[in-house]
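Look for chain A in each of the two complexes below; its partner is chain B in the first and chain C in the second.
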Partner chain A sequence: MKYVLDQEKIRPDLVRTIERLSGEDVRQCYQCGKCSAGCPIAADMDLPPNQVMRMLQLGLTDEALDSRTIWLCASCETCTTRCPREVDLAAVMDALRHEALRQGRKSPIRQIPFFNRTFLRLIKKYGRVFEMELIGRFNVGTLHFFKDVTKAPRLFFRGRLKLWPSFKGRKTARPAFQAVKNAQRHEPAEPPAADESAGNPTP
Partner chain B sequence: MKYAYYPGCSLHATAVDYDESTQAVAKALGVELIEVPDWSCCGSTPAHCTDELLAAALPAQNLLAAKAVADQVVVCCSACFSRFKFAQKHIEEKDDLRAQLSETMPIDEIEGMQVRHLIDVLVRDVGLEKIEQAKQCDPQLKVVCYYGCLLTRPPKVTEWDDPEDPQMMDDLLRAAGMETIDWPFKTECCGATFALTRTDIVLRLTAEILQMAREVGADCISVACPLCHANLDMRQDDIRKKFGVECDIPIFYFTQLLGLALGLEKRDLGIGRALVNCDELLTAKGLA
Partner chain C sequence: MTAEQALVNSTETASAQPANGLTDTDAASSARQAPRVGVFICHCGINIAKTVDVERVTAEIAKEPNVVFATNYTYVCSTPGQEMIVETIKSHRLDRLVVASCSPKMHETTFRRAAAKGGLNPFLCEMANIREQCSWVHEDREQATQKAIEIIHTILEKVKGDEALEVSQVSITRRALVIGAGIAGIQTALDIANGGHEVLLLDRYPCIGGNMARLGETFPTLDCASCIFTPKVVEAAQAENITLLTYSEIEEVTGSVGNFEVTIRRKARSVDESKCTGCGLCIEKCPTKVLSEFDRGMTTRKAIYIPFAQAVPNVATIDKESCRYYKTGKCKVCQKFCQADAIVFDQEDEMITEKVGAIIAATGYELLSKDVYGEYGYGQYPDVIDGLQLERMLSAAGPTTGEIRRPSDGEVPKEVVFIQCVGSRDDSKGISYCSKICCMYTAKHARLFKHRVHDGQAYVFYMDIRAGGKRYEEFVKQAITEDDAVYLRGRVSKVYPRGKKLIVRGADTLSGTQIEIAADMVVLACAIVPSPGVEDLARKLRIGYDENKFFAEAHVKLRPVETNTAGVFLAGACQAPKDIPDTVAQAGCAAAKVLSLFAHDHLTSEPVVAWVDEEVCSGCGLCIKACSYDARKMDQRKRVAIVEEVLCQGCGACISACPNSSCELKNFRSDQIVAMVDAVT
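This part shows the complex of A and B:
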């Protein structure tokens, strides 16, 4: 893959944003590649983790923010644990996801942010995860209606599938969602992080 | 020994066997677990992938709820454990985050709260000697301990023994009379969070773990996380179909194995709720 260093594409301001959000200095990375060597998902990524760091060092933030990598990262913390320069790469991945969402960028793997939005909407509604509804909504949203349905009866007969949600945690979760709402009010110019209008998640 | 107990969403649903075995083992060892009143979800991966504030706020609210019970909270799910530990760290280190949270919750009150994984409590507070004394039999099981990602990594957050070759679960099961086999996949990733969204990745990673466990001659895998359990236990059929490899091996929560050694009833430990049948193994080892 060839990348072009074009004046217009270089965004030091966005690199600073990622550094502020993650608390990391991208220049710390010396490109040894240890992160990518240990990453369990590297084979499925378009940019291996060390190249995400390289893009940021070069100021090519679009390459990082629009990569499949940031959505495929499983937050397994292997890279962070092993980096000889103590770069918290998992935190950089989190920061890139947050910034991509804030800018309203479309994820190249849409079912992943769609799953996250659906999950968080259910917690807001019930306080706890209600797996039946989560799986149902995810399958409908991604048009995979029958994914894993054969597992449901087997789980049910083993007493592992709940048919009704619990509302018990709602009161506890409420101030958490309120804090997010308040913070968004302070930054009115920016789209909300969990924007529901982000489009059809069909992969 | 009294602790607040945060089960988390999975332990009240697909991982009810983890909850049952945790309660049974804690009772047998004199550990008092009091459920956090009206606990909510910790936000899990979707929260920290979406919004840093929410990812800190949900655990913070649960720590506040737990404080009413005790100042140490026991968490069994590795993913919840990780979210709680991360939230504490971020709240401590980031002034702006703390300021935003303080608008809707008395955030300073969570200072001094301790988040503990059950393994840590059993090894460090109860002690291996007491477990050795309490065991009723030596289950002749060859076990591989699978720690997964979030229990041990990153060590600065989890404060676990060793991120590459952790020992605490092994120590625990050895004290309970089992043989634990050294193996290279203790802390590999199972792809947990992608169970629904990218099942293909989960199948690939899980297949390798299951095959390695069989290769080193283990009878079963011991886990400490409901997501690891779900991937390792529920995907064996799919793996056989997709890759055509033999990968069947029973998966237990470490609490279930500990319970067997303590002479507890299989029913009380939720044994039999997993999809992979373990009757044959337990009968062969005289544990049925």
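This part shows the complex of A and C:
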């Protein structure tokens, strides 16, 4: 890849937005690679986490926003915990996802935003996750109807999978969703899709 | 302590008579009486004992005719080991000593001191090296043991032929010569002068100051170079016991530590130093302009010039190469206007001879020549400059009075690319070393650029950032986080012009991208190389230099300011690239070495020197040519060659040159060497 670099491209508004959303200064990163060294998913990423930071440092925002990495990131925060420059990389990844959704970019891995949306819908509905419905909706939505079905009996007998959702505390999450909606109304600059990935998108 | 005292007491009383008898007569009687040799075989822990069967070696050596005592011990160099030697010399009336252990470079002094303590002439103690030359380099225990025995046999032959030698004392000239008057030389000179000794501070340029006088601000504190350096320059100029010898070069150095005799060429300035007031009228009127060396070609100077405003001494110099009078025989405008009548056109180089006890080489560095990297266009495009040229721009006293401007059109550059490792770490250019200071000064340049041009953007191409030093890493971090320098990890392939811009094509290996930047100015961090002419100076000083022509220290870690020539020391970047803090530290260290040398009343001279049999010498003079130390001379009356023992270093060159074997090296005589060879053949 060839990149014609100039003063305008360094720290564009978009990078400043990412910095504002994450509360981090991308220039703090000195590219030691400790984040990539410890990342449990780095092997499946197209850009290792340090390179996502590098792209932001050079103003190469498209490379960062269209990467699989930001969607594969499990927010386990190993990188954040170990970063010698105390950069909260998980927060930067989160900010990148926000921004990608806000811009309406298509995730290179379609299932992940779909999973996140489904997950949040269930939280809104039940106040907590209802695994059976989540699996069902996810499998139907991704057209992999029988994905992981063989694992269901064991999970069921171990009490990890319930057939009916819990009705306890159903409405507890709703004020939070309302609060986000209100906040968006007052501050339209905020990414409207914030709620979509506000939850922890653990796969 | 008590044991040692007891030992000394007991040996003094118990063996006073035999010891006296031995020491007084050993030299004379060694040939007549059968020698009584004691052999001490060292285990060196397991260093020797692992590969060499020390017990068997001891048993074998004990059988030798003149060996009256043989033993082995874990560490002969330890205090009990040395005490054992002292005790045994007395109890067994030893008159010769062999310690079979490590290299004499390690412990010869130790054992010779022990020998002396036991009442033996130290030169009757020899070492057999069964570690470096045997146990360390062999694996087969049987063969190594046999070799150790043979090595000791040869040394036994040598020690039998050894004579008792006496060290002689030489007086010291307590006066030092410092070659090169940059920060290294000035600091050394000040420290020696403050120690109460006279110093000659020499520089080949018309003024003192060296490269540091060129700098703008210095890392990691960003204080201006002149503010911290000028006081030192002035102090050196005003110090009563420092004599400045500017515009001077070393012609010849003879003598040795404590008593060097140096011939110095005082180049003709064509200006009488004592008369010139530095008013500058001559410079104003001079019609010839040439590029200024001090400003590294960024400005011009006249043919008669003072390198820069605060130059010390503030005296004009005529550059004969460009002066119209010297070229055409006409002009003399400067003389016409000089009110002090200081211009002397027929002034000639003057040779002076000075006696000094120590010499410090502080010849500094130069930047790698501009034509090495054609692809960066240095010298071809005016807006590609080197680090020192940018320093001149950054200097408040420089050609732009501290403003950063493009040399081509004088505009303020907005985007500046800095390229590190230009030459350094590039085997293809013959420079495999790291220049050490470029990472830091480039970070400094990037920061100062941002401080001067607030809307500017600095890009730094680097391979690694080597910021080892107090507050250095923090400094580089500030360049990135506070002064917005963009660091790109990779080399630049090419710089070429497009319109008013310079296109820099490089790589950023961290993102895996090829980078192209349209820059207004490019600054090259060229490799640090030794000043020109160091080979010649090294030859005159009889010191070595490494493959990169940096002066060779005696030991990289343990003797970093000494050279292999006693009395010659090193300070600053002439030894290896180094920054100002390191240079000042090394300069102080060199001064301390000189002061400790000058603290002695006398120097002892090594008695292992050449010796001439006058009966045999034919006076051919070949030895005089062979000697690198001027120690061989001809006695014109007797027509035989003689040895100046003070100067002789015992190298043996004259001995091998002598066609009729009239020279011998004391205690390395031919008969000894032959006996040593016979012992193993």
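Assume the second predicted complex is superposed on the first by the 172 of 203 C-alpha atoms of A that agree within 3 Å, B and C clash if a C-alpha of one lies under 4 Å from a C-alpha of the other, contacts with A are read in each partner's own complex, and residues count from 1 in each chain.
One rule holds for everything that comes next: a residue touches a chain if its C-beta (ideal position, glycine included) is under 8 Å from a C-beta of that chain, and two chains touch if they have at least 3 such contacts.
From a predicted model like this one, the values you see are computed outputs, not experimental measurements.
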Counting only touches as set out at the top, which of chain B and chain C does A:Ala37 meet: first, second, both, neither? neither
A:Leu72 in the overlay: touching chain B, chain C, both, or neither? Say first, second, both or neither. first
Is A:Ala152 touching anything from chain B or chain C once the two structures are fitted on A? First, second, both or neither. neither
Quick check on the superposed pair: does A:Thr80 touch chain B, chain C, both, or neither? Answer first, second, both or neither. first
For A:Gly169, using the defined touch cut-off, is the partner it touches chain B, chain C, both, or neither? Pick first, second, both or neither. first
So, A:Val4: does it touch chain B (first), chain C (second), both, or neither? second
Residue contacts with chain A in the superposition, chain B compared against chain C: B
Going by the contact definition given at the top, which residues of chain A touch chain B in one complex and chain C in the other? none
Give the list of chain C residues in touch with chain A in this complex. 414-415, 457, 459, 477, 480-481, 484, 486, 488-489, 508, 510-518
Which bits of chain A are touching chain C when the two form their complex? 1-7, 10-11, 25, 27-28, 30-31, 50-51, 54-55, 57-58, 60, 63
Touching residues (chain side chain B, partner chain A) in the complex: 9-10, 12-17, 38-41, 43-54, 57-58, 60-62, 65, 93-94, 100-101, 103-105, 149-150, 153-155, 163, 188-189, 191-194, 196-199, 201, 205, 234, 272-275
Could you pull out which chain A residues touch chain B in their complex? 21, 23, 40-41, 44, 72, 74-78, 80-81, 88, 90, 94, 97-98, 101, 109, 111-113, 115-117, 119-120, 123, 127-129, 131, 135, 138, 147-148, 151, 154-155, 158-162, 166, 168-173, 175-180, 182-183, 193-194
